[in-house]
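See the structures that follow.
Note that subunit A is present in both complexes that follow, paired respectively with subunit B and with subunit C.
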Partner chain A sequence: MNETDIGFWGVPLAMFAGAIRVSTPFLFVSLGECLTEKSGRINLGLEGTLVFGAMSGYAVAYLTGSPWFGVFCAGLSGCFFGAIHGYICKLPKVNDIAIGIAMMLFGTGLAFFFGKPFIQPQAPHLPSISLGGWSSLPQVRSALEINPLFFIGIALAVFMWWAFKNTRWGLIVRMTGDSAPAALAMGYSVDWVRFLATTVGGFFAGVGGAFLSLYYPGAWSEGLSSGQGLMAVALVIFARWNPLACFGAALLFGAAGALGPALQSVGITQGYYFFNAAPYLLTLFIMIASVSPKRSLKGAPGELSITK
Partner chain B sequence: MADTVNQGVVAPAASAPAEFLDRIRRSSEYVVIPLFALIAAGLIFSLFLFALGHSPVTFFSLLWRGGFGTGFSWQNTLVRAAPLIFTGLCVAIPARLGLTIVGGEGALVLGGFTAAVAAIPFVHAGAPNYVVLPAMLLCATLTGAAWIGLVGALRHYRGINETIASLLMSYIAIAIMNFFVEGALRDPGNPNKPSTLPIGDANMIGNIPGVGVHWGLAAGVLVALALWILMNRTTFGFAARVTGGNVRAARAQGLSVGRLMVISCAIAGACAGLAGFFEVAAVQGRANASLAAGYGFTGILVAFLARQNALAIIPVSILLGGIAAAGGLIQRRMGMLDATVLVLQGLMFVVLLVSETLYGRFAFFRPKGN
Partner chain C sequence: MSAVPAPHPRRAVELQTIGMTKIFGSLIALEDVSIHVRPGTLHALLGENGAGKSTLVKCIMGFYQPTRGEVLVDGKEAVIASPRDAHAHGIGMVYQHFTLVPSLTAAENLVISRAHPPAVIDWKKEIAGLEEFLSRMPFKVPLTVPVSGLSAGEKQKLEILKQLYLDQRLLILDEPTSVLTPGEADEVLGLLRGMTEAGDLTILMISHKFREVTAYADDVTVLRRGRMVGGGRVGELSVDDMSHMMIGDTKIRERAARKEFSGEPVVLELAGIFSDDDTGLPAVKGVNLKIHAGEIVGIAGVSGNGQSTLIEVLSGQREMSDGRLFIHGKPFEPTRQKMAEFKVFGLPEEPLKNAAVRRMSVAENIAFRSFDKPPIAGRFGFMSPKPMRQKARELIAQYRVKTPSPEEPIENLSGGNVQRAILARELSGEVEVLVVANPCFGLDFASVSEIRSQIMDQRNRGAAVLLVSEDLDEILELSDRVAVMSGGAIHYVVPIAEADRNSIGKAMAGH
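Right, the complex of A and B next:
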């Protein structure tokens, strides 16, 4: 056994590194969903937004050579999908959950359609920040290669948490989500607030998608996202619509998602598919444990169709 | 309603045909608006093709030829329509109770997988096909029923959103199949594609004579018919529709909402399981990743397009089966990608849901005198 071999300590280390890497898209999608749901609407289509954001971010980064511009364009495409969702849901008699499913299929289809030529070429990756220079172990150093988007996500979570409580805009969004009649009485357009919240939420989800294709796993393919956008919706419920709790929940989900690859890295390949299913099982169990039909959830926006 | 009943009492003979026409006119709204939505989706898609430099006319003529133009394309279409009928029913039945279940893909995959696994010991013992097939059928329907029934139970007893739960369980179902197919139950004689052991040619379900389509299509039509009767002509169906209309009213009437939900979800899951059974027993002959071909997701579109009506699901399945069947031809002739069909389907779905807003807006469809 040589000096750099750390044996089974590699598993928690790989899970720590993996949690940070895997959690970033969860974090962005869940913050976007949190904003949308706070305004009283649910967007299940963020899965499609995530996939399309991953494709467009990768394509733009490949064509222009600038990964950060790719991230920005992924956010813009997310805005576009959010705006479509937000606009359609304004129409009377339209069910926001069904529209979400339709947008999920539509976004995925469009991403596969436009993304075919970009499956082979290699786009430039997002740079990462090295925080592990103090350690001599290569495993520790590679675990502490952290993408700036992770820190942007944390800052965004803190900002949203602060803004919901302390700003006029935060109050308007929360009021629209809790009681549309109250918002109307105060002279705010409920449809307009929800439209904006869905559009901005779409931007975050698109950025989350760009992280998938431009950093980790770091290439565009059709199997890139496997329900991350959907799990993020469940994650927001678990986090009780609190952006800071979203961050914690995203880390937990990231760790669950990193379990399979971490075990594989130390040579345990048995049950790879089983460990890959860990995030879905975790989501389901968390929902079972944290939701109850007898009481309404603390912090739930009153207008949200999913909790009614 | 009260209006028409009164008319009937006053002059039954004279107003019966007029009343019948009136009813046709009012219910035609449910056909005209979806058709209008389909045409609108086609137009938007034409613009999309045009903007990308493809000819919409070529596209739609190829779509017609590849889906419905020849006897061969009809066969191809109907083979794809069979699982769509089942997965469409998997969405439509719970929808009558107000539940949006979108996990048909998972129940299909798991149903097909358990059917293939159930066949292994029988095939090993050399059992005849009239023993093997019922065992497979039973396993597939029970697995599907349990899988989606669980979603219904979680919804009612734990208050978990059924849409998210059923989609998550789809991913879990596919992971379960992959886990076994790539591990303990992998066929060592098939190194290229991880699959279970084949069920054997003797146990495959044949084609309907003279049609060239397997019996799954006939089964799908029969099941759709039976479920239409169940949902529209029985007390159970009435109770289910009352629950879908207003849960509180249903509870106040003493209906056992939880039982209705779990049973409807179980029926839905059994349908998806049947789709998996026929995919294994009539098409693939073994369970592998090809089971997750997206029939469960297209089934959502089928059910919404059919407005959750079990009978309307049959023609809609054929339509969408045709679009899927034409995908290959379009890909070869126009050099377009197979994802084109996904874009068209997604667009149809979005436009269709937008068209929901049109109901009740046109005076033509309203009852007269109101």
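Right, the complex of A and C next:
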């Protein structure tokens, strides 16, 4: 046994590192969805936004050589998708869930169409911050290579949590999400607030997509997202529409997603695909545990079409 | 927006409408209505449902643009294109349906209701300011609890406080006491009247309760079918005058007389019913009640004290967490088979929502109790539409349901006719147990009278009737015994002969 082998300690360490890496896109998508749902609308299209963000971020980073500009453009493309969803839902007699599913297919389809030429080339990766310099163990050092987007996500979660309580915009978003008649009576345009919330939420989801293609796993492919955008919707329900809880839930999902690779890294390959399914199982169990037919969801914005 | 900085302190506002007319398509909702609300008075607006009261105040508030006519505020013509313009003139409205945001606290609701809330809110400063404001106000509400946790009375008070916080000096109140206990209603109206007498406030109050109008209003205007049919100083009009103005010469069906019974057996027994509401919290906490044949037991109470949960349990819409139901001493579960076997029928509140399928036809809705039995159900599970239509036609005629045809979707009928169609379905057979909730909510006088008579008829034929109503007058008119529900339990039951408003009101408030 050499001194850098840490045996089964590698599993929790790899899961910790994996949780941080894998959770970042969950965090961004769920914060975007949290903002959208707080305003009273559900955007299931964030899966499509995520995939398109991944493709466009990768493509822009490859073409310009700047990964951060890629992240920004991925956000902008997310805005575009959010704006389409927001605009269509403003029309009368439109169901936001149906539009969300259409947008999800549209986003992934469009990403595959434009993304074909970018599957082969290698785009520059996002740099990471090394926080493990104090340790002599390479495993610890590699686990503490953390992407700045993770910290930006935490800051965003804290900011949103604060802003929902302490700013005019926060209160207006919560008001339109909970009681559209109240917002109308006070002279706010519910449609406009929801349009903006969906657009900004789309930006976050696009950034989450760029993280996928530009950092971890770190390449553009068509199977990149594997449903993370949809899981983020479940995650928001689990987090009870609280941005801070979204962070915790994203870490939990991240850790579940890292389980398979972590076990593989210490040589357990049996049941690899089963462990890789952990996030999906977690989604299922969380929805069963936290949703009951006998009571309504606590903390749910009153205007959401699923709670009405 | 024509907002002008308000000179402090603002004084009571004077309001006049001249020749207000509002036409929707072919319907004349309001025709040439001119009212004068003197500053510093409480002015009551009386009228039946559909008389044009809401249309009038919506025109004043800028929700609707009147087809003709104008609004004068303090004697000057005012252009009110939106509720914001009305607010700028110092006119605010308290709606029957709350406009508070449930998940926001009282303080958040008040701050966000301001025309220009700060971009970043300094809560320390705001809370101090709100507390100072509340210290000048006649009633208080807790500031830091989410509104969803407040009682209906507290919400109503907060709605009024919100308008005062916005410095509105003419308040339009839409049936402000419908969710209050009689005691709370007297408190709120008394305090508001104090403010009008001091010249700080003018109030225009929509109401249909003569008791409140005679006790608190200075002036009254009566509307009928969109026209102003009378008005004047309240002191100069009798209740008879006002009710005659309201209903005109409409024929009101005579109330069925109460048949005397004695020593009838217990039919429906509720034994220790417990049930949880949508949030998983206990809403009904140990209700015990026995109802005899030929008896109406009225459950009074302010809405939100567990009555609707209890009704849902009895009609099979919600599971109980504990307790038993018995009919004639035999255990009863509210399933379709058992309901048919024990002849249990119900008139839930808001029938269009709770007892009908909106887009299905009147005939189909009427067949909901019988479509799976002969003659409608044929062999091999096929349904024959002919007997169904036949039966529907008979019942539509018998219960005088006004509908273009039996095939009309039920949602196109007026509220009174939906209720009549449901009555036809529920009451046309033999009834042993009848569960009724707010049967007359939002109906006109003629329908109210007819529906109450039908309920009394069932009682006289020996049915055990459980009546839940938020309208205390309805309870007092129909019941043989009055039970008061408060906080999910029934602590006070009294025979009608010994019932008085005061002790019922106290029991409603939980004392």
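Keep in mind that, in the parts below, the second predicted complex is superposed on the first by the 308 of 308 C-alpha atoms of A that agree within 3 Å, B and C clash if a C-alpha of one lies under 4 Å from a C-alpha of the other, contacts with A are read in each partner's own complex, and residues count from 1 in each chain.
Rule of thumb we're sticking to: a residue touches a chain if its C-beta (ideal position, glycine included) is under 8 Å from a C-beta of that chain, and two chains touch if they have at least 3 such contacts.
Worth saying up front: this structure is predicted, and the values here are computed from it rather than measured.
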| item | value |
| --- | --- |
| Which of subunit B and subunit C A:Gly302 touches, first, second, both or neither | second |
| Touched partner set for A:Ser292, first subunit B, second subunit C, both or neither | both |
| Subunit B versus subunit C as contact partner of A:Lys93, first or second or both or neither | first |
| Broader residue contact with subunit A after superposition on the shared chain, subunit B or subunit C | B |
| Shared subunit A contacts, counted only where both subunit B and subunit C touch the same residue | 292, 294 |
| Interfacial residue positions of subunit A with respect to subunit B in the complex | 44, 84, 88, 91-95, 97-99, 101-103, 105-110, 112-113, 116, 226-227, 230-231, 233-234, 237, 270-271, 273-274, 276-277, 280-281, 283-284, 287-288, 291-294, 306 |
| Contacting residues of subunit A [partner subunit C, same complex] | 165-169, 171-172, 174-175, 178-179, 181-183, 185-187, 292, 294-296, 298-299, 301-302 |
| Parts of subunit B lying in touch with subunit A, wherever the complex brings them together | 100, 102, 154, 156-161, 163-165, 167-169, 171-172, 175-176, 178-179, 182-183, 297, 300-301, 304, 337, 339-340, 342-347, 349-350, 352-354, 356-357, 359-360 |
| Subunit C residues touching subunit A - in the complex, by the definition given at the top | 82-84, 95, 97-104, 108, 111-113, 117-121, 123, 276-280, 319 |
